[in-house]
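Below: a set of structures, written as structure tokens.
After this come two complexes, each holding chain A, first together with chain B and then together with chain C.
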Partner chain A sequence: MSIAATITKDNKSFLARNQSWMIQSAAIIAPFIVFGIFLTFYEVNPIELYWSMVQTTFGNLYGFGEVLLKATPFILTGLAAALPAKAGLVNVGGEGQLAIGALFATWFAVFYLDTMPAMIGIPIMLLAGACGGAVWAGLVAVLKVKGKLNETITSVLLNYVAVFIVGFFVHGMLKDPNSFNWPFSPEIANTLRLPIINNTRLHVGFMIAIVLAIIVWFVLSKTRLGFKIRVLGSNRLAAERAGFQINKMYFWVLIAAGALAGIAGMIEIAGIEGRLRASVGTNFGYLGFLAAMMAWNHPLRLMASAFLLGMISVAGNKLEIFSGLPSSSVNILMALVLFFILGSGKLVKK
Partner chain B sequence: MATGRNTNNYLLKTKGLTKVFGSLVANSDIDMVVKQSSIHAILGENGAGKSTLMKMLYGVYAPDGGTIMMDDQEVELHPPTKARAKGIGMVFQDFRVVPALTILDNIALSVEKGFSFNRKKLKKRIIEISTKYGLAVDPEAYVWQLDLGQRQRLEIVKVLLAEGTKIIIFDEPTSVLVPQEVEAFLNMLKMLREDGYGILLITHKINEVLAVADQVSVLRSGVLTYSASKEDGLTADELIAAMMGNKELKTVMKDTNNIFSETSLQIKSGTIKGDYGEIVIQDIDFTVKKGQIVGIAGISGSGQRELAEVLFGLRKLMKGSIELKGQACKPDVRAFLEAGVSFVSEDPIKESVIPGFSILEHMILDGMPMKKKAMGIDWKMLAQELQLSKEANSLALADGQRHADTLSGGNVQRMVLTRALIRTPEVLIISYPSRGLDIGTTRTIQQHLVELSQQGTAIVLFSEDLDELFKLSDELVVLSGKRISQPYETATTDASQIGQLMLKGEST
Partner chain C sequence: MIADILTGAIRSGTSVMIASQGELISERAGVINLGTEGSMLCGALGGFAVTVWTGNPWIGTLAGGICGLLISLIHAFLVLSCGANQLATGLTIMFFGMGVTAFFGKNFVSQQIVGFNPVPIPYLSDIPFIGKILFNHDPLTYLSLLLVPVLWYVIFRTRLGVILRAAGEREEVLFASGINPKLVRYLAVLAGGFLAGIGGAQLSVAYTHSWVENMVAGRGVVAVALVIFASWKPLKAMIGAYLFGAAQALQLTVQQQGLAISPYFLFMVPYVLTLVALLIVERRKQSQTPEALGKVLAGSS
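Up next, the complex of A and B:
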């Protein structure tokens, strides 16, 4: 909870506040009902499926680890959307910022860090990833501040550019000489792989994401800087009249957001993939954006919504085994979640 | 009176019309009649309830009491679609148009129904109507290319083309027009009258009322205080008296023989551009000195907002320079704030209120110093300070924990005023301080301003209330026709002189 909410008990009735909370919960539950109806048409029992989702997630350590693993990049790209949202910006560029972060991280890992011990190599690789994301978000920031271009548009468009840039490198300078001409980078050194928790595939990247979410929450709700960011996001005119350096704030918020998404890219490489492919983190940026919306841009709630999206992603595989429906049909569920969130946003405001 | 008009034929009649917002009675028990072929002017100060009344007639608000009659039947006008179906059209101050479309398309949006429309036919009708009433518009021009006068003409054409329009409400129509356009506009009103329309003209410009109105109703604090028709003989003095009420025009608690020497804030041959790139104020010199209150009078839309923003560093001067205590200043709010300039904007709900933030949180934006506590803010300490502050108490500021977006307009005003005063600024730019406030609080805030000036604050006071300007100012200047008048000593000037200047500008 932000300071604004904790220290202030406004005169809205208890009911009115609960109503908004209820609408929000309904918006999370409703898509599962609609998707359930869809599933019944394909003769899949939705209750069985949802139950098995819960079972896989909480039934054993491995399944739980898988969900957390999926949720990790969503938390980070979610932060990359939520933080700018608090400043009144719409950053849809998590996708591209993640990709460039992964590129930077791989570049450093392959060319400079392959003989480094983990204690030095991993942090440097992390910084490289953050820098990559920041550079990419920096483009959006400069276009916003100097060019007065809408950041929503530029960040989306730069996603495509980013994917092609990664493609350019994995087909060229970063191509693994031993790959029989496949477009991917050489594998990074084993020392640079993130340590893994026993009996799972879960790596410490998850911890990094949690820590960063808590830091972002702390900055936003407990510090003077966060206060200013929230003022700017809620009423730009008021921020202007309070003498805030709005352009500077926009710039650095976007840079920070890019760094967060860039770290997600580094974690993908060092935690899971081990090498860079042009397809690294496909859709993670957009799903993170979705997670941020589901959490109403609240960094702590974001962890929960990312977890839920992680569950849905893992359920995709389950669905395929279960029913013969393609695993991508969970995208329908994701889309439904988005629709309901957008729709309920209007209701809550009123 | 023109011949052959059936003035007994009323189009709309209200009885006991009442509207309440929270604890504020915006309109109380209003009886009035709109006749065919007649121009009915609604006069009143800001916040007198003119807009509320018109919005009820246009169906934006449902009345809380009373009835509206049309054709001897009680009618319900809420929502506006119903009012429009009953033949009521409204030309708003802020135009409801789509800039990316042409005039033709904008009009089609509002008057055409169904799936298709005949462009040629509509174009012909637009040209017919616009030539008939002298409303020069080019149907193929894009709205974003139009100036405000042209946009207004578009709005009028739109209303005229709507089927069955009988009554047209104009909300302060001349505030967006340049003087030459005003005359043409008034002629058009007369033509509309000849053609049988009933016209409601909201305004606070008395000379326009005298020029065209057949009937006048004056509102004060939501109550109809005066109504008369042309036959009764309308005079400016009577109307002013009805608008102002029995408020005394005296300077309370203020020394009048102060001598000011130290220049605080100064504009040298400044030219200011408006939001649309048009020149709003041209080549003016303006000075306010330490401890002085300079009142700026002028009819609304004469460049007050733009000038206020320049004085706070929010808006760039197109030409000329601005100096704070003799030092040239860049247009940068931070620099102005650090130099001790405070600003109360004319639209605090839009420009100052931050949704979801408490009053206390608003206080540290350009008000109380941000008490630091580690990396955060010491809210407890601030809350205590606010509670003990003289300003908050005397202005009856609402509880610091309340969210500002739940406050009424008057309470928002109290909040921004407290914030400006609590800082004891060196220069205070303040617009319409008593807007939305009851008389008691108005007096308090005026007293605060006088005290502040005695402590050495230079105050630039924008107001539409001449009473207030005279009561508080040491010097008055008038904004009119893109110019600013020479300063007039309040003590040796009277209201009618300033009123003349507001309407006509300084004769050259």
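Up next, the complex of A and C:
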């Protein structure tokens, strides 16, 4: 009898797995339909837009590179949300952690690294970015562990503070003396710019993001530490009873998340911008959070969802050029995607 | 100068205050709504747009409230009917609010409105010092001052308040007395969204008389934080909101005085102050957290 019971149970879980796949796909497609209806009110043909989105992405190397370029920071800030999520934490501070990471990286690049060869300069700059993000996430971690403050609220509040800190520096100590009073930092040395792949604007930052995603996946799913993190996230009580040092784990998970977002900040500076502005990485943190949600906090699936968000971002620029709708209108599409995923979450779990 | 800061505290704190009272209702019923930021943004734009069209700030404010309510309906549906994570849903709504208002607000950026203006109350506003601080504000601010005692009375002295608090503490009790706790929570979240929308409208229609993209700038998040700081008590939430307003007023005053402090440090003060306030209060208030809310904040619901 027990065998029969096992078989029916297996059958059920097989069906449930297929069903959850279907619901997940539907949750991704439905928002595109809703947004399409919305677009038709503004006399934009959604099918044309979506088709051109696919064409730009897969039509040629340049377009593909553009999408990967957009997806890079989303992967990293997505990891900064996904890793803590596995430990049961909601880190929405990717935005601020990225900004402070970019600040640290630029500071080092401008003041200490401008004569360094690339082989030494770029890794140090990367480390500086990671430290910046880690420091900022460290604030959230200390407030969580010592002050018992909910990390969601503190990390969002600190995002606003981070933007003002970057603003303070680009208007003050980091301001380019030759900028005619524009608020941005001097340009970093050419040796510190990330190498670029031929015929595109794509830089090696993309590789860094992928490697880090694989490392996070490996640690989470193949190591003892990752197992402990997942236990903590799925059943805090069990983790307590098993004698885990919960506060210590919370602390270091948040530090690691901050470092990942900080690296995204460094990549933005060394790969694309070349100098620090107060607007560096605006919304990248929130979009990364979104990408992580879309991927159910799975580091490898995160690469796919970040890629999708990259496609939508590129389409946003297109939308602005061709139809005069503001590029921010794709933010609506992104929020719709997440609404559907959140709404279907319970169906999938069952 | 002190009178200036205190007047400014009320003037710029009112929007946060109204939103925090709304969030308080929602959290008392056990639902935390970070989408308050999105509701405020939509309230600010909706209120502004309708004021532009009708020329009547009262209708505009009402419209702002309704916009906020509609946005919070998304939160209520996803959280209460679909069982989505409250914090993640709230954040998405915040992001949605930014996108929607950036999109529809584009044409309103340079528009001008008459809006609400300060109405000094006769005789009372002539009292030295206090008169200037308390009795020279726009009509919405006077109304918001009435809101606090009314809300306190409803929550702690009426049957409705008991039902609201039961939804946040022990929903079984509501079940047993034949009331649907889900319905109570729905209504609480919608009431919260409505007030957040009014708060947003106060910002655009009464305080700045303009619409700027993302003008709420975290006030909704601050409102959520303040409710926790206030241990879910209306009067304390009001004090917290005016503290936030005072920090913002300080920034204007310092600039007018021409002191050599970077404005960026002053911009930070309200947010840092909110964090510090949370930190100080946190230690003493564990037991006061509505039980259903405690589960959300601990990540187990």
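To be clear about the criterion, the second predicted complex is superposed on the first by the 337 of 350 C-alpha atoms of A that agree within 3 Å, B and C clash if a C-alpha of one lies under 4 Å from a C-alpha of the other, contacts with A are read in each partner's own complex, and residues count from 1 in each chain.
Following the convention adopted for this analysis, a contact is a pair of C-beta atoms (placed from the backbone, for glycine too) under 8 Å apart; a residue touches a chain by one contact, two chains touch by 3 or more.
Only a predicted model underlies this, so the values are computations on that prediction, with no experimental measurement involved.
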Check: Is the number of chain A residues in contact higher for chain B or for chain C?
Finding: C
Notebook entry, point to check: So, A:309: does it touch chain B (first), chain C (second), both, or neither?
Noted result: neither
Check: Between chain B (first) and chain C (second), which, if any, makes contact with A:332: first, second, both or neither?
Finding: second
Check: Looking at the overlay, does A:231 come into contact with chain B only (first), chain C only (second), both, or neither?
Finding: first
Next item on the list: Figure out whether A:222 sits in contact with chain B (first) or chain C (second), or with both, or with neither.
Entry: first
Margin query: Tell me the contact category for A:126 with respect to chain B and chain C: first, second, both or neither.
Written below: neither
Check: Between chain B (first) and chain C (second), which, if any, makes contact with A:80: first, second, both or neither?
Finding: neither
Notebook entry, point to check: Of the two partner chains, chain B (first) and chain C (second), which one does A:242 touch, if any: first, second, both, or neither?
Noted result: first
Next item on the list: Indicate the residue numbers of chain A shared between its chain B interface and its chain C interface, in ascending order.
Entry: none
Notebook entry, point to check: For chain C, which residues are in contact with chain A within the complex?
Noted result: 34, 74, 77-78, 82-85, 87-89, 91-93, 95-96, 98-100, 102-103, 106, 217-218, 221-222, 224-225, 228, 262, 264-265, 267-268, 271-272, 274-275, 278-279, 282-283, 297-300
Checklist line | Touching residues (chain side chain A, partner chain B) in the complex | finding: 3-4, 7-12, 222-225, 227, 230-231, 234-235, 237-243, 245
Next item on the list: Give every residue of chain B touching chain A within the complex, in rising order.
Entry: 312, 314, 333-334, 336-338, 343, 345, 350-358, 360-361, 365-366, 370, 372, 375-377, 379, 401-403, 406
Check: For chain A, which residues count as touching chain C in their complex?
Finding: 88-90, 92, 143, 147-150, 152-154, 156-161, 164-165, 167-168, 171-172, 236, 283, 286, 289-290, 293, 325-326, 328-332, 334-336, 338-339, 342-346
